[in-house]
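Worksheet: the structure to be examined is printed underneath.
Just so it is clear, A, B, C and D label the chains in written order, and each chain counts residues from 1 on its own.
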Amino acid sequence: MLRNRVRSSPTVVAGGLDASSLAARFRRVRATTETLCRPLATDDYSIQSMPDASPAKWHLAHTTWFFEEFVLQHSLAGYEFFDPAYRYLFNSYYEAVGPRHARAERGMLSRPTIEQIWAYRAYVDEEMQSLLDSDALLPEMHAVVTLGLHHEQQHQELLLTDIKHLFSRNPLRPAYAAAAAPASRSPAPLAFVEFDGGLVEAGYIGGGFCFDNEQPRHRVFLEPFRIANRLTTNGEYLEFIRAGGYDRPDVWLSDGWAWVQREQCRRPLYWSDSLDEEFTLAGPRPLDPHAPVCHLSFYEADAFARWAGARLPTEFEWEHVAAQAPLRGCFLEAGTWHPVAAAEQEEGSRNPAPVRQLFGDVWEWTASAYAPYPGFRPLSGALGEYNGKFMVNQLVLRGGSCATPQSHIRVTYRNFFYPTARWQFSGLRLAADVR
Amino acid sequence: MLRNRVRSSPTVVAGGLDASSLAARFRRVRATTETLCRPLATDDYSIQSMPDASPAKWHLAHTTWFFEEFVLQHSLAGYEFFDPAYRYLFNSYYEAVGPRHARAERGMLSRPTIEQIWAYRAYVDEEMQSLLDSDALLPEMHAVVTLGLHHEQQHQELLLTDIKHLFSRNPLRPAYAAAAAPASRSPAPLAFVEFDGGLVEAGYIGGGFCFDNEQPRHRVFLEPFRIANRLTTNGEYLEFIRAGGYDRPDVWLSDGWAWVQREQCRRPLYWSDSLDEEFTLAGPRPLDPHAPVCHLSFYEADAFARWAGARLPTEFEWEHVAAQAPLRGCFLEAGTWHPVAAAEQEEGSRNPAPVRQLFGDVWEWTASAYAPYPGFRPLSGALGEYNGKFMVNQLVLRGGSCATPQSHIRVTYRNFFYPTARWQFSGLRLAADVR
Amino acid sequence: MLRNRVRSSPTVVAGGLDASSLAARFRRVRATTETLCRPLATDDYSIQSMPDASPAKWHLAHTTWFFEEFVLQHSLAGYEFFDPAYRYLFNSYYEAVGPRHARAERGMLSRPTIEQIWAYRAYVDEEMQSLLDSDALLPEMHAVVTLGLHHEQQHQELLLTDIKHLFSRNPLRPAYAAAAAPASRSPAPLAFVEFDGGLVEAGYIGGGFCFDNEQPRHRVFLEPFRIANRLTTNGEYLEFIRAGGYDRPDVWLSDGWAWVQREQCRRPLYWSDSLDEEFTLAGPRPLDPHAPVCHLSFYEADAFARWAGARLPTEFEWEHVAAQAPLRGCFLEAGTWHPVAAAEQEEGSRNPAPVRQLFGDVWEWTASAYAPYPGFRPLSGALGEYNGKFMVNQLVLRGGSCATPQSHIRVTYRNFFYPTARWQFSGLRLAADVR
Amino acid sequence: MLRNRVRSSPTVVAGGLDASSLAARFRRVRATTETLCRPLATDDYSIQSMPDASPAKWHLAHTTWFFEEFVLQHSLAGYEFFDPAYRYLFNSYYEAVGPRHARAERGMLSRPTIEQIWAYRAYVDEEMQSLLDSDALLPEMHAVVTLGLHHEQQHQELLLTDIKHLFSRNPLRPAYAAAAAPASRSPAPLAFVEFDGGLVEAGYIGGGFCFDNEQPRHRVFLEPFRIANRLTTNGEYLEFIRAGGYDRPDVWLSDGWAWVQREQCRRPLYWSDSLDEEFTLAGPRPLDPHAPVCHLSFYEADAFARWAGARLPTEFEWEHVAAQAPLRGCFLEAGTWHPVAAAEQEEGSRNPAPVRQLFGDVWEWTASAYAPYPGFRPLSGALGEYNGKFMVNQLVLRGGSCATPQSHIRVTYRNFFYPTARWQFSGLRLAADVR
C-alpha cells in the first residue's frame, strides 16, 4: 500500500551519491538502530538524564522524522504524515522547518508511547522502501537519503552514550548488555613519531558522502610536529591524578580550572571514587590500565597533555597523519562498546603504520576550535543548519569511537563538542612541537 | 510461604486504632492504588515532571517501602527484604532511617522496571496479609499499619496530581482517563455566614486515627467572623483576571507579587491562554464558570480575596465552621477527578448546613502558617519526621479535594504546601471580619 | 527661605500623636543618623554587599525621601522637590507611589555622590524644620512625621548591620569604630520561669505611636508555658556546635537542614572558623562565652532549641512575659554595638523581674509566623504597604537589639525577617511546654 | 630615600627591550592613568558593576601591584611591601603568585580607601623611579617593566570601559567627561578590496615589545579574500535591526541565537530602546548613523555579517591587510572616547591605503578563535599566565579602539574576549570569499 504519491517539484540538495545500493543501505542502517534497542526495557525509553542527552525514544523518532520531513513530503505527492504533531515533537533544531518541542523538555514525553514510535518507524520505513524500490526517487533526493542514514548513524552512537549516562545515574548501576571484558594487554610503549608538515591539504574530496563541514578541501601550512604512536591510557591518566593533576592550576586552561572547581571534578566521568573501577555499558568493571582513557572533557585532555609536557594535536595535524593510516579500529560493530588496549586491537593486523588507534576506540580531542573551512558553504535550505550554525565555542574531535558505526567514519570527519562535554567516548592522543 | 518470622522486640509508636478490619482495609487501600494505575501506559511510570512531583512508579514503590521499613522488619524475625537496594531508593525523607536517593533524582530510575515494582508490591502484600491474618501483629504495629494506609492514600492523591502535571507538559495533551464533564449548573449565590467565635477548641480528639499534627486538641480564641457559603468559582476568578488582578501589586503580598513577576504568571496553572479551556485529567475541557477554581497558589488565593475586599479564613475559623457540617463532598471515589459546581453536588443531599463544599472538590488555602499546636509531640522514632519537620514556610489547607479518598479526610485534617504550590487541587473560600 | 508654601488639601493618615515636641524629636533623630555616619569614609557609602543590604548612602537618602514624599509634598503648596529623579531612586518598595530603582541595583549609584546626599538632607531638614516650627503642619501629618522618624530609626539599625556586613566581607576586617570590649562576666545560671497562660491580650493599645501591625489589641489563649530567664549565650551555642549540632538532621526543620547543606553552614554568621573569634563593629574580637549568641538564622535558633530539649517561645508568650518587665536593656545608645553578658547589664538595675534581657542585646526569634492580627487594618494609601504586604514567609522577632534606639522599641513591637536572615543582631531565648 | 636595596639574584624573564627611555616612559604611562581619573568622584572608585568589570580603585591598585610583585621585590634587597595584604587583594589571576581575592568580590573593598590607593601608587612610583634612575635595574627586568607598562595601558582602556558600564546602569546617566560630539560626516561608500592571499606570515618579529601570544611569527595559507574598505556603521546596523535581524534565527549561530533569546537582546549594548540615542562617556548622545557601530557581541557582529551576505575576516586576513596600512587612527589620545565616522578621521591624512579605519575606533571582531600560534611558548614563571591560559572559548579582536593608547597597539596585537562580551568598544568590518 503506497499511501502517498510521487511528487514532481524537486528540492535541490548539495552532494553527490552513488544510488545503486541505497535501498539496501537504508534497510541495514534502520535495522541496526533497532538491534541496538533490544537490550532496553520499555521503562528505559522515555527518560532524559540531562539536557545534553535525549531519551532513546526520541532518537528513534527523530531519525524517522528526518525522512518524513526532508524526503517523503518532498518526494510523494500528497504525502500523509503519520501524525502531524510529530513534526513539532521530533524536530531537533531546524529553525527553518518551524517551531519545535524544547530540547530540555524531551524527557516529558511519556506519550507517544514506544509502541507508537515503533509503529511510526514501520510506517515511514514502508514508505521509504516503496520509494527507494521504485524509480521515483528524485536524483537530488539520493543525497538527502544518504545524509539521513548518516544522521541515523550519529544517533546510534548518541543512543548508546545517552543510555550509558542514564544508567550511570541509577544507584542500581544496570548494564545495557553483557559484554566480556577484553583481556588486558600491555600496549606498545609510548613513542612520538615526527612529521615534517609543510603545505598540506585537508578536507574531503571525492565522490562519496561527506558532511558539508568537511569541505572544501583546502591548503593548510603545518610546522613540523610529533605525534604519539597510540592513545593515552587509563594507567597514564592515573599517574596524572596521583601526581595531583586536579589540584594544580598551572596545567589547566583558566576556564578549565574554573570548571574543575565548579564541578568539583576529580576524575574521568565514569570512574569510581576509588579509581579502580569504571562504569561501562556492561556495568561496573575493574579499570584496565592499558585501555585508552575515555569520557574526558577537553579541559581534562588538555591539562593532561600540559602535565605530560606535550599538547593536543590540531585537527590538521591529525588528519595529515591519519590520511596515511588504514581505516581500521574498534567500532560499534565490535560489540565491546568500550575502547580496548592497543596491543590487542593490533594483533594480527599487520598494520605497517607506526601510529596506531587513529580510528575507533575514542574520539580524540584536538586543539582546534570548530570553525568553517575557507570557502565553506552550508547545504541550502533547512539542512544548512545541520553543521554550520554550531561553529563557535566547540572543539573538533577526530577518528570515531567504539560506538561509531564503521561505515560512518572518514579520515576527514569532524565531530565537535563543547569543552565541558564528557559523556561521549572522548579521549586523547599527545602531540608536541619539534624544536 | 511465609519467608519471614514474627519478631519479638517491639517498637513503640503513638496512636490508637481499632484493629478489627485492618486486613480488609489493607486490601482495599492497596487495591485502590492499583486501580488508579490502570489507565497508565508503561511509558508513564518513570518520569518526574518537576522536583515537587514523583514518578508514578516511585509512588507505588515508596508506599510499599513504608510497610517493609516500619512494619515488616520490626514484626517478622529475620525478615528478608525484597531488594535491600530499595531501602535506599524508596526512602522519601526519613533521615533517621538512613541515606536515600535524592528527591530530584527520582526520575532517573528507569530501573527497577514497573514489572519489578509490581512484583515488589506483590511480595510485600503477601507478607503483610500473612501478618495481618495471623495473631502475630504486635499491638503497637496496628497504629503503624493504619498510618501506612493513610500514607498510601496521600500518595493516591499525589499520583493523580503528578500524572496530571506530567500530561500537562506534553504538547499532545493526553487524558489520564475519559470522564464525562458534569453538566454545569449555577451555584448558589455567594453569601457570607456569620459566626460568633469566642473560645473554641481545635484539633483531633477521639479514638480513631489522626496525624500527629492534628493534636493536641486545644483552645483558640476567635473574634467574630464571616465565611462564604461556598467555594470561589472559575467565573469569579475570571472577573479578577479581567479586572487586571495580575497587574495590580496592591492586592498581592510582596512575595506574591515577586512570584507573579518572576513566573510571568497570568492565570491558574492549567488554564489556556485564551482563558476558555482548562487541562483536566480527562484532557482539555471548556472552562466551566460555575465550577470551583482550582490549581491556585496561596498567593493567587490571597490576592483574589483582597481584590474581593475579603480575606482567607484561618484554619481555626474553617475548622470551627466545618465541625458543624456533614463530611460529604466530591472525593476521589466520585471519579470526576475534578471539582464540580456547588449546585450539582448538593442536589438531593438535603444538606441543612448553610456553608457548603467544605469537604472535597478543592483543598482550601487558609491564612494560617503551618505550625505546631501548643504541646505538639511528634511520633517517636523515624515516624516523628512525618509531619513535624515541615512546620515552617508552608500554609495550611483544609477539607480535601476531588482526588482525596473519602475515608482519608477528617475535619481536623491539616494539609500543607508552600505558597507557590499550584499542582494540587487547591482553591479557596472567602472570609471576612465582622466590624 | 521657605521655598515651598503650605498646602491646603490634606491627606488623611491613620494614627494619633502628641504634637508638642515633634520638632525637637525630628532634630534629634535626624542628628543621630548623622552621628552614626561619622566613622565612615566616603568610600564606604556606595557599596551594596548583598541584595538584602543597602548602601549607607541609600539609607540616608531613602529616609529623607520619606519626608519629601509623604509629608512635604502634601503639606507645602507647590513644594519643589530637591531633585525629581530622587523620587524614583530612593523609593524602597511603595508600589502606590510609583516605579522605583530595583532593590538589587542600589549599589550601582555612585552618583548622586554622598556630598549631594548631604545637601539633599540639609534641604529637606530645612523645609521640615520650617514646617514643624510653623503652625502649618496639618493635624493628620503629625502621625506621618512620627512614622517617618520611627522609619528613620529602623534605618539607623539597618545602617549599622549593613556596614557590619560590608566590612565582614573585606579581608582587611576593618572596624566601624573602636569600642572597648565589655568585661566578660558569668551570666545568671539558666533557669526556666513558669507562666500560667490563659486568655491574655496582645497588641498595642494607648495613645502613643505604634506600627499598624501591632494592632488591634486582641485576645489570645495561652497554654501554661515556661521561658528562660535570660538569652542563650555563645558558650551554650558552642556546646551545640561541639555536640555536632550542624551534622544532626534530627534537630533541624527540613527547610533548615536543606539550608545548612546548601550554604555549608557550620557556625553563626560572624564567627571565625576556629570558633574563638567573632567579627564585630569594633573589628574581630575574642568570642565571649558569656555574651548572648547572635547573628543566627531562625533555623539555627530553632535547631539549638530542639537540641536543648526546648523550643522557641511564640510571640504571644514573649509579649505576655515582657509586659511585666521594665523596658531596659543594651540599646544603640550604649555604644557597645554588640550584645553584652547578662550579669553586666543587670548590674545596679535592681530589676525585680526574674526574666532578664527581654529588651535590647539581640532580637529574639519567636516560633510565630508573621501574620496579621485578627481585624488588622493597614494604614490607608501608600503607607499601607509599610508592613502588611510582608505577612507571609517571615517569622516574628521581639525585643530590640544593641543597634535599636531605645525610644524606638515597645513591648508590642513586631520585627520580622525570613528564616534564613542572619545579618541582623538576632539571637534566642528558650521556652518549653509545661507537662 | 631608598627604603629597599638592590637585590642580587635575578629572575629570568623572556623578551628584549631597548632600555634607554624606560624611566621616562614609566612616568608618562603612570601619569596618564592618573589623568584619566580626574573626572571621577570618590564615590565612583569602589563599585563593581558586573563580574567582568572592576572598580576604578582596583585598576589603580592592581597595576601598581604588578610592579611590586614582579619588579620591586626581585630588584631591591629586603624590599618592604607597602602593605602585605595588598599582595592578596590586588592579584588578579596569577595562581603561581599565590591565593587572591575573588574577582567577583572586588566591589566589596570600600577599604583600602582611594586615598590609601593613591598613597600606594606614590610609594611604588618613588621606588620604581629610584630603581629606574639608578644603574641597578637588572637587565632581565627591563622586559618586565615594559610589560608592566603595557599592562597598565590595557587597564587604562578597561578603566574607561568599566566606568562607562557603571554609569550606564545609573538612571541619572552621568557623563564621565564632556566631549564635543564630532560633526557627523558621511563615510566613504562601502566597498570590498580584494587580496590574493597565498602563503603569508603572521605574528610579531623585531626588536620591540610584543606579548607572548603574538609569537612566533609563522606561515599561514590564505585563500583569496575580499575585505571591506571601512568599519560597519551605526546606520548599516540600524538597517539590520529594522530588517528584523534580531528575530531571524537563520542569520545567527546557534549559541548566538540562544544568547539573544536568553538576554532578550534587541540592539547594541548602549543604544536606547528608541534606537536614536546611545550612551557614551560624554553621556547620552543622538546616534550618529555614520559612526562605526560599537559595543557589539561577537554573535551580533557575526549575525550582521551573515545578514549582509558576508562574513567576518579571520585574524590572519586582517593582519595581512593591516600590515600594509599606516598605524593611525582614533585612539585614547584623541579624547573623543568614542569611535568617529571614517570620513572625518581620514581628513588630511592622505592615506593611500584603500582599506581604512584598521586601527583605533573599535576593536574588530574576527572569525578566529583565540588559540596558540604553532610553537607558542608562554613566558616563564607566573607571567606565563598572562595570556596563554585564556586560549579557549574566546575570539580574537584586532586593531585597538578609541580607548586604546596609541603607543600600546601593533599590527600583530591580539585582543580576545568571550563571544558574549559587549562592554568593550567592539565593532566589525565585513569580509567575503572570492568565488
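By our rule, contacts are C-beta pairs under 8 Å (C-beta built on N, C-alpha and C of every residue); 3 or more make two chains touch, one makes a residue touch a chain.
Quantities reported herein were computed from a predicted structural model and do not represent experimental measurements.
Tell me the fewest steps from subunit B to subunit D, where a step is a jump to a chain it touches.
The distance in steps between these two chains is 2.
Quick check for the class: compute each chain's Cα centroid; which one is farthest from the centroid of subunit D?
When every chain centre is compared against subunit D, the largest gap points to B.
Suppose each chain is reduced to the average of its Cα coordinates; what separation in Å results between subunit A and subunit D?
One centre to the other, that is 38 Å.
Report, in whole Å, the distance between the mean C-alpha point of subunit A and the mean C-alpha point of subunit C.
A distance of 60 Å separates the two centres.
Measuring from the mean C-alpha position of subunit C to the mean C-alpha position of subunit D, what distance in angstrom results?
Comparing mean C-alpha positions, subunit D is 47 Å from subunit C.
Indicate the residues of subunit B shared as contacts by at least two other chains.
In subunit B, no residue touches two or more other chains.
Given which chains touch which, is the overall layout a line, a ring, a star, complete, or other?
Per interface graph, the chains form a ring.
Would you mind giving me the full set of chain pairs in touch?
Applying the touch rule to all chain pairs gives A-B, A-D, B-C, C-D.
Touching residues of subunit A toward subunit B in the complex: what are they?
My answer: residues 41-47, 49, 57, 85, 88-89, 101, 105, 107-114, 166-167, 169-172, 174.
Any idea which subunit A residues touch subunit D in the complex?
Interface residues on the subunit A side: 93, 95-96, 199, 218-223, 249-250, 252-257, 298-299, 302, 367-369, 371-372, 374-375, 385, 389-393, 395, 419, 433, 435.
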